[in-house]
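Look at the two complexes coming up: chain A is in both, with chain B in one and chain C in the other.
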Partner chain A sequence: MLKVIQLDKTYGSDKHSLQSVDFTAQPGEVTAIIGPSGAGKTTILRSINQLIRDDSGQILLDDQDIRQANKAELRKIRHHIGMIFQNYNLISPLTALENVLHGRLGAKSTIAGMLGLYSDAEKTEALELLKEVGLQDYAYQRCDQLSGGQQQRVGIARALMQHPKMILCDEPIASLDPKSTKIVMDILRQLAREKQLIILINLHQVDIAMEYADHVVGINSGKIVFTGPTSDVDDTVLQNIYRQTDTSESVVSANEN
Partner chain B sequence: MKTNYHSPQQFFRQRRLRLFTVLVILLGIYFTSMALVNFQTWNSITKIPAGLIWLFHNFIPTERSISSLGQILYQLWRTLLVSISSTVVASLFSLVFAILGAKTTTPNEAVRLIVRFGASLLRNIPVVAWAMILLFSFKQSDFTGFLALFFMTLGYLTRAFTETIEDLDAEKLQALQAVGANYFQCVFCGILPEAASTMTSWVLYMIENNLRDATLVGLLTGTGVGFLFDFYFKSFRYDAAGLIVLLIAVLVIVLELTSTQIRRAIA
Partner chain C sequence: MMENSQPKPNIIQPSAPQPKRVSLVTRPRKILRGVLLGLLLITIYSLATLNNANLNLAEAFHSLGVNLSAMFLHPSVGQDSWQLLLRALVTSVSLALLTTLLGALIAFFIAVGAARNLSPAWLATSIKAVMAFIRAIPTILWVLIYSVVMGLGASAAVVGLTFHSVAYLVKAYSESIEETPQDTIEALKASGVGFWPIVFQAILPSIVPALLSWTFIRFEINFANAVAVGAAAGADDIGYFLFMAGSFYFNFHEVGLIVYLLLGVAIILELISMKLRGHYLKQTN
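Entry: the complex of A and B
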C-alpha cells in the first residue's frame, strides 16, 4: 500500500506547489489523480520516486518511508517502482528489447549495467514481457520506428521488467489516439488486477479516469479536494476539483488588461 | 520591442524600411573598408582573367608530373593517416571531457567551467599557431603535425560533444534514474546511445576538416603532402604542385562522399 502523508512542497519563498497532501493507493486498484493543469499532479507523482525532492511529509510504500532512504536504498526502492511517461522516454536508437532490459539496471552492478551484460534469463523474460504487451514482432526494431502506442507499451514492459510493486503513470495517454489509449489503459487495469500492482495515474481526461479508475484523487492548487471511490465522483465534485481559484489569472481578465 | 501596429500596411512598411537600412549599412561598411585598404574593386576584377590564364597555363599537370605521382600519393596517404588518427584519438578524449563538461552530466560546476574554458582555449588557437609553438619542442616531424591537429580537434569536438549531450532530452535520463540506474549506467545506457549518431557525424566532419588543415600544417612541420607542395612550388615545378592540389581536392571530395554514406547508414 502507498500512503502519502502531509506532503508539502514549496517553490521559491511563497508559492506552494503541494500543501499537506494526504492520500492512499491500494494494490490491485487503479488510482487516478485528476485536476486542472498546474495543480501539482506531476509534482506528486515525481515526489513519490524522489525525482523531485519534496520539502516535508512522509511517503510510505509498504511502511517504508521513501523520503528517509539514503542513495543506495533509494536506488533499491526505485528499482521496484515502474514509471511511464507522456513522451514514453525510451532510448530511441536502441531496440525495444534493449529498452525493456533497462528495467533491470537498478538491480545490476554498475559495470554489468554500463556494458549491458544481461543474463539469458533476463533476456528471455524481456522477450516474454514484450509478448505480454503484444509486441513480440517488434522486439528487434529501433524504438523511434515504433508508433506512439507501441512505444508506450515498450515503456510498460520496461516498468514490468523491474518486478514493480507500483507503476507511476505521468499522463500516459496524453499523446495517444483513442485506439492506443484503450489498449494502454486496458493493459494497466489488467496489471492492477492480475499482478496486484498499485497503479497511480495522472490524467487530464476525466472520462478516462471515470471509466478506468477504482479510486480518484482530486487536486486543485496543490491541495487535495477529493479522495474516494470513483462511484462517489459526481458533477459537484468535478466542479469543485476544476474550479478557478482566486490566485490563478483567468483568460478573460488577462485579455481585459 | 513594439508589438502593436495600427495596420498591416504599417507593419510591412516598417519591415521593408528595416531591411533597406540593413542593406545600406552593409554597403557602407564595404565601401569604407575598401577605401581604407586602397582596394580598387574594378581594377581587381579586370585582372582576374589574366590571373586565371596564368594559373591554368602553369599549374595544369603535365606528363612530367606523372613521374612524381608515386611520391605524391605516398605523402597524401601519410597525411590522411595523420588526420584520421589525430581526430580519432582526440574524439576519445573529447568524449570524456564532454561528459564532464555538459550541464546535464557534469559532476560539479567547477569541473564544468574548467572543461569549458580549456576547450575554448584549445579551439581558439589557430592550428598554424599550434604547429609553430609545438615545433620548438618536437622539431619537424609527423608527430608535431599530429599534436597540432590533436589539440585543435580536442577543443572543437569537446565543444560539439558537450552541446550534443546538452541537447538530449533530459526526461529520458530521468526515466533511467526512475528505474534505479546510477550515474555511470545513465551515461552508458542512455546518453551514449542517444548521442552516438550525432557524435559520429562530428568526427567524420573533423576528419575532412583535418585533412585540409594537415596540408597546411605540413608546410610548417616539413612533413606530408604539404611539405611536398612547398618543395615543388619553391623549385618552380608548378605542374607537380598543381597535381597535388588536384589530388587533395579529389581526396577531400571522396572523403565527403564516404562520410555522407556512413552518416546515412547510421542515422
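Entry: the complex of A and C
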C-alpha cells in the first residue's frame, strides 16, 4: 500500500506546488490523479520516487518511508517502482528487447550493468513480457520504428521487468490515439488485477479516469480536493476539481506539460 | 496620423511633413565597411612597397612550372626505395590510428565528466576550460614539448598527438552526450539504475553514430598531423622522408611521389568515412 501523508512542496519563496497532500493507493487498484494543468499532478508522481525532492511529509510504500532513504536505499526502492512516461522515454536506437531488459539494470552490479550482461532467464522473461503486451513479433525492432502505442507497451514491459510493487504512470496516454489508449489502459488495469500492483496514473482525460480508475484523487492548486472511489465522483465533484483558480494563486509546477 | 479622427479645434495641425532621411546602414554594416576599407588600404600600401628582389616574373613562373612538372609529372622514389617509403607510410597511418584510438578511449571518460547533464557544473566547466587551453596550442607544439621531455622519436609523437586528440574529442564527445534527451536518462534513474550503467547502456548507444563520426574526423586530422609531426619529432614516418626529400636532397621527383601517396591515403580515408556515414544513415531511417 502506498500512503502519502502531509506532503508539501514549495518552489521559490511562497509558490506552493503541493500543500498537505494526503492519499492512499491500494494494490490491485488503479488510482487516477486528475486535476487541471499545473495543479501539481506531475509533482506528486515525481515526489513519490523522489525524482523531485519535496519539502516535508511522509511517503510510505509498504510502511517504508521513501523520503528517509539514503542514496543506496533509494536506488533499491526505485528499482521496485516502475515508471512510464508520456513520451515513453525509451532508448530509441536499441531494440524493444534491449529496452525491456533495461528494467533489470537497477538490480545489477555496476560492472554487469555497464556491460549489459543479462542471464538467459532474464532474456526469456523479457520475451515473455513482450508477449504479454502483445509485441512478441517486434522484439528485435529498433524502438524508433515502433508506433507510439507500441513504444508505450515496451515501456510497460520495461517497468514490469523491474518486478515492481507499484507503477507510476505520468500521462501515459496523452500522446496516443484512442485505439492505442484503450490497449494501454486495458493492460494497466489487467496488471493491477492480476499482479496486485499499485497503479498510480496522472490523467487529464476525465472520461478515461472514470472508465478505468477504481479510485480517484482530485487535485486543484496543489491541494487535494477529492479522494474516494470512482463511483463517488459526480458533476459537483468534477466542478470542484476543475474550478477556475485565481491566477494570483496559481501554482508553479515543474515538468508539467 | 489624424486622417481618420475628427479634427479637434484646439489641436494645431502640423505643417507639411518633412521627408526624413532614412538610413539603411546599420552600425554593424558601418563597422564592416570600415574594416574592408582598412584592409584595402593596407593591401595597396604593401603592394606599393613590396620588395621584389629584382625578380624576373616570367623566369620565376617558368621555374615554378619546371619544379611542379618534376614533382607531379615525373614522380619517382629518388634515393629511397619503394619498400622504405611504403613502410614509412604505414608508420604514419599506424601513428594516426594509435593516437586516435588511445585519444578516443581516454576522451570518452573525461567527456562524461565534462558533460553538463551528467556532472556537477563546476567539474564540467573546469574540464572544459582545461581542454580548451590544450586545444588552443597546436598539436605540433605539444609534440615538440614532449620531445623535450621524452627525447625526439616516435614516443614523443604518440604522446603529443594523443594529448591534443583527447582535448579535441572531449569537446566533441561531451557535446554529443549533452544532446541525449534528459528524459531517457531520467527513466532509467527512476528505476534505480546507477551512474555508469546509465552511461554505457543508455547514453553510449544513443550517441555511437556521433562518436564514430567525430572519431573518424579526428583520425583524418591525426593522419595529417602525423605527417607533419614525423619531420619534427623524427618519428621515421613519411613526413620525415618528405622533409628530407624536399629540404635536404631537393629531390622534387620524390616529393611528388610522396604527395601522391598521401593523396591516395586521404582518398581512401574519405571513402571509408563516407561508407561509415552511409551505413549509419541507413540505420536511422
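Here is the rule we go by: the second predicted complex is superposed on the first by the 247 of 257 C-alpha atoms of A that agree within 3 Å, B and C clash if a C-alpha of one lies under 4 Å from a C-alpha of the other, contacts with A are read in each partner's own complex, and residues count from 1 in each chain.
One rule holds for everything that comes next: contacts are C-beta pairs under 8 Å (C-beta built on N, C-alpha and C of every residue); 3 or more make two chains touch, one makes a residue touch a chain.
Fair warning: this is a prediction, and the values are worked out from it, not measured in the lab.
In the model built by aligning both structures on chain A, chain B clashes with chain C.
Touch criterion not met for A:Arg189: it reaches neither chain B nor chain C. Of the two partner chains placed around the shared chain by superposition, chain B and chain C are both touched by A:Ser92. By the touch criterion defined above, A:His102 reaches both chain B and chain C.
Once the two complexes are laid over each other on the shared chain, residue contacts for A:Lys9 go to neither chain B nor chain C.
Using the contact criterion defined above for the overlaid structures, shared-chain residue A:Ile81 touches chain B and also reaches chain C. Shared contact residues of chain A, touching chain B in one structure and chain C in the other: 49, 51, 75-79, 81-83, 85, 87, 89-94, 102-103, 105-108, 110, 113-116, 158, 162, 168.
Here chain A touches chain B in the complex through residues 49, 51, 75-79, 81-83, 85, 87, 89-94, 102-103, 105-108, 110, 113-116, 158, 162, 168, going by the rule given at the top.
Residue ranges on chain A touching chain C, taken from their complex, read 49, 51, 74-83, 85, 87, 89-94, 102-103, 105-108, 110, 113-116, 142, 144, 158-159, 162, 168. Residues of chain B touching chain A in their complex: 169, 171-172, 174-182, 184-185, 187-190, 193-194, 196-197.
By the touch rule above, chain C contacts chain A in their complex via residues 181, 183-184, 186-194, 196-202, 205-206, 208, 283-284.
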